[in-house]
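Shared chain: chain A. Partners: chain B in the first complex, chain C in the second.
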Partner chain A sequence: MESMHSFLFWVIAGLTGLCAIATVVTDNIVRAATWLLFTLGGVSGIFFLLGADLVGAIQLLVYVGGTLVLVIFGVMLTAQSPFLNMKTSSAEWAISIAVGIMLLTFLCFAVFSIKGKFGPADAQHPVAQDVRRGDAADSDAATSTSTMQIGQAFLGVENGPPRGDGKRVHYLLPFEIVSIHLLVVLIGAAYLARAKKRRETML
Partner chain B sequence: MGQPLFASSGYLSWIGYLIVVIAAALIIGFMLVSAIFSVWLERKVAGRIQDRLGPTRVGGKFGWLQTLADGMKLLVKEDLIPAAADQMLFRVGPYIALAGSFMAFIALPFGNGVVAQEMNIGIFFMLAIMSTEVFGIILIGYGSGSKWSLFGGMREAAQMVSYEIPMALCILVPVIVTGSMNLGQVALQQQGIWNWLVFHDPFTFAAFWTYFTCALASCKRAPFDLAEAESELVAGFHTEYSGFRWLVIFMAEYGSMFAVSGIACIMFLGGWSLGLPWELTDLLGMWVGNALNVGVFIFKCWFLVFVMMWIRWTLPRLRIDQVMMMCLKYLIPIGCGLLLGVALWMLIVPPFLQWLTKFVIFGGSIFALLAMAKALASYTTSAPGTAMAGMWATAKSPGYQAAQAPKA
Partner chain C sequence: MSGAILLEHYLVLGALLFVCGAVCMATKRNAIGVLIGVELVLNGAGVNFVAFSHFNPAFRLEGMIFALFVIVLAAGEAAVALAIVLNFYNNHTTVDVDSAEELKG
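Entry: the complex of A and B
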């Protein structure tokens, strides 16, 4: 049922695109965050459609959680004067459209340079196979093994996916760097958000 | 592992798509019926605990059609939107909450293979999707344009963001024991009541109670119902709602109560296992076995929902600082400790000792339950009719006549 599969893909992709446009066009902060939620949810829907359950669930957990914080800040900022609107100047529009077109061009080049769907078929590539066949059952099996491999590669176990020259890939160092970076950010956030001691006001 | 009855993972034929639609319809139908039953049960339980009868008239005995009558009233009620409200957010909020609650059921297995979409990461998916429900609540609170609603929504946000962490930590404990995030696989590893993961070791036993506490908070049930604290905030985040949207908010709440109970059943209480050491689908065939399995699973989940109601009508509401302190100072460290403990337990403790511990905890729990039942059965209460005349006394009760007699 490849036609149905691609039909669903176009429906979800179209809705996601519309929500993305609405995110940019809306003036109200909280509404924009809501549209962003729908956009990110649509992206995770595409992941689920392609059979990448783990990536889809992570997309939901991480980005929905992230947008949640955005909404909370939006609510807190606009709680004093409800439904505060932000006007966008025409200069900002011009800059953002230019950046957007540049990003789109870059992405188009990246997509069309991938072999498989658009270029000559790369039979060894599991994702390309699944996209062509539209068979979620096989991609389930493919993602579950590769997820385990990625996890083991993160931890520096020898079972990482093989590289071109036959050696195993290890992500332990970048993984640890990212972890330390996150820890620093967390401590910094806690330090900034900590209530200042105001003894003189208490007395 | 049996073949999935409903939409498996094959997007291959029109039949497959038809099955997807049927599975979705079944889930939403089940959510509705479950919510109707739960609302009726809530009112009866509240009545019994507060020494009154609850609904008695609609539908003959026990007022069992009361919720349908309520639902019809809500459907024909005027749908008000306050002038100060943000129209779009006000309209869309309840449906976001319902979607978050509904989609969790997609990965929830009701029996051996009775699941809308079997996933390798079922439990992770459920936790991820249920965290979107809070979004709806916050948008409802903000979009209402009322300070009571805003307070309720922000309280809910603070509570949910905090309680998600210990909840996920507690879920990781049985995941470490079973080595799988596939809900069906986890349930199939618990044939026989002594193999239920809650009895597996001291850490899973503690994790079950910690998880249930967090689940109460994540469903904003009392004693954590600060988001709708009716004595402080009118009705909290849904103060401004009426009619059908109010109905949708409550369907989402009862749906997520059932979903977190379902997770507790599958991760700790043997899933659809009756407690016998055999899988019923192997003994009785696919359809009969799964019919029994689904019945057992739904009964277990409703029992946990009943416990949630029991807690709601027993304990008073906490203060917001107590809620946050309980999560940040106690539940998160407990969760981390349990995670570390169960990992060490699986690595260090010899298999014989693990086997022994399982039966010690199982036996101890049974003994404690029996002792509690005995203590409750022999507990004497003041006789009705004497203490509060006319409350539940009949004309035959000893003190009734004396209490009714005119004072001289």
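Entry: the complex of A and C
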């Protein structure tokens, strides 16, 4: 089970990283969108591997099914031949890759310097105590969160069991803010992208 | 290829996606390429959220909920950004971000 998990992680993470790098290095915008498709699919595979079934499914539905279709529509609507292959100068490539490698080194240094903060070694830390208490984190039954729990946390209803510290999580206000945000986005995008009928009179 | 997969492995994958997105935003001259870079950055953040929710029971619900918020807000951001790109294309007949310089001081 453990070796299967690590094997799947290395396969999916390797494919996802390669596709992400290919998204960056290609000059053709259509190919970049296609590599982005495989990257998003790989990230949803990572979510499934982490036991977040709902997040992986939403990733597939919203990102691969919705956002990527939007991007491809944008590519098709603006696909004039000079814009399909826009070359970046090699000096800009050199600077960007140098900055990117420095940023990646810094982030990896930060990742490996937090080692032990989230493990049972640091017993004084309240988070570490919580980790130790919920020691069944390795079993799949404990890590898989049902969709009902996530929905109850969104709506703030009192049916679910309380957390370790007795508090309940409520995300009703961010949920409402996101709803209003999506409404504003819908109206704004429709307003911005509509055909301008009065453009002659303005000019 | 064996050995336990720890939190650090997932965080390094998230960092790689983040850096790829940042480099993509910096190098692409097509406005839609910049948008693709933003999507990569947000996916790196989502991988980090879900990894913390898996490896830390105190964040089990929070990580997934914030990953869902990230996905929904990325969808809204993509819609508005593409509307802006199409409007820019209608007005300037180009999608080169270097030519968007009217607001330059």
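Convention: the second predicted complex is superposed on the first by the 116 of 203 C-alpha atoms of A that agree within 3 Å, B and C clash if a C-alpha of one lies under 4 Å from a C-alpha of the other, contacts with A are read in each partner's own complex, and residues count from 1 in each chain.
As a working rule, contacts are C-beta pairs under 8 Å (C-beta built on N, C-alpha and C of every residue); 3 or more make two chains touch, one makes a residue touch a chain.
This one's a predicted model, so the numbers in the text were calculated from it and none came from an experiment.
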Contacts of A:187 with chain B and chain C, given as first, second, both or neither = neither
Inquiry  = Once chain A of both complexes is superposed, is A:31 in touch with chain B (first), chain C (second), both, or neither?
reply    = first
Ask   = Does chain B (first) or chain C (second) touch A:172, or do both, or does neither?
value = neither
Request  = Report for A:94: first if it touches chain B alone, second if chain C alone, otherwise both or neither.
outcome  = neither
Query = With both structures placed on chain A, which of the two partners, chain B or chain C, ends up touching more residues of chain A?
reply = C
Message = By the touch definition at the top of the document, which applies to A:4: first (chain B), second (chain C), both, or neither?
response = first
Inquiry  = Output check: A:54 vs chain B and chain C. Expected answer is one of first, second, both, neither. What do you get?
reply    = both
Request  = Return first, second, both or neither, reflecting whether A:65 touches chain B, chain C, both chains, or no partner chain.
outcome  = first
Inquiry  = Based on the A-chain superposition described above, do chain B and chain C contact any of the same residues on chain A, and if so which?
reply    = 5, 51, 54, 58, 67, 71, 75, 83, 134, 137, 143
Touch list for chain A against partner chain C, complex = 2-3, 5-7, 9-10, 13, 16-17, 20-21, 23-24, 29, 32-33, 36, 39-40, 43, 46-47, 50-52, 54-55, 58-59, 62-63, 66-67, 70-71, 73-75, 77-78, 80, 83, 86, 88, 92-93, 96-97, 99-101, 103-104, 107-108, 111-112, 115, 118, 127, 130-131, 133-134, 137, 142-143, 145, 149-150, 153-154, 163-164, 169, 171, 174, 178, 181-182, 185-186, 188-190, 192-193, 196
Remark   = The residues of chain C that touch chain A in their complex are 1-5, 7-13, 15-24, 26-30, 32-33, 35-37, 39-40, 43, 46-47, 50-51, 53-58, 60-65, 67-69, 71-80, 82-87, 89-90, 93-96
Key: Parts of chain B lying in touch with chain A, wherever the complex brings them together   = 8-14, 16-17, 84, 86, 88-89, 92, 96, 119-121, 124-125, 127-129, 131-132, 134-135, 138-139, 142-143, 145, 150, 153-154, 157, 161
Task = Can you check the complex and tell me which residues of chain A touch chain B?
result = 1, 4-5, 28, 30-31, 34, 37, 41, 51, 53-54, 56-58, 60-61, 64-65, 67-69, 71-72, 75-76, 79, 82-83, 134-137, 140, 143-144
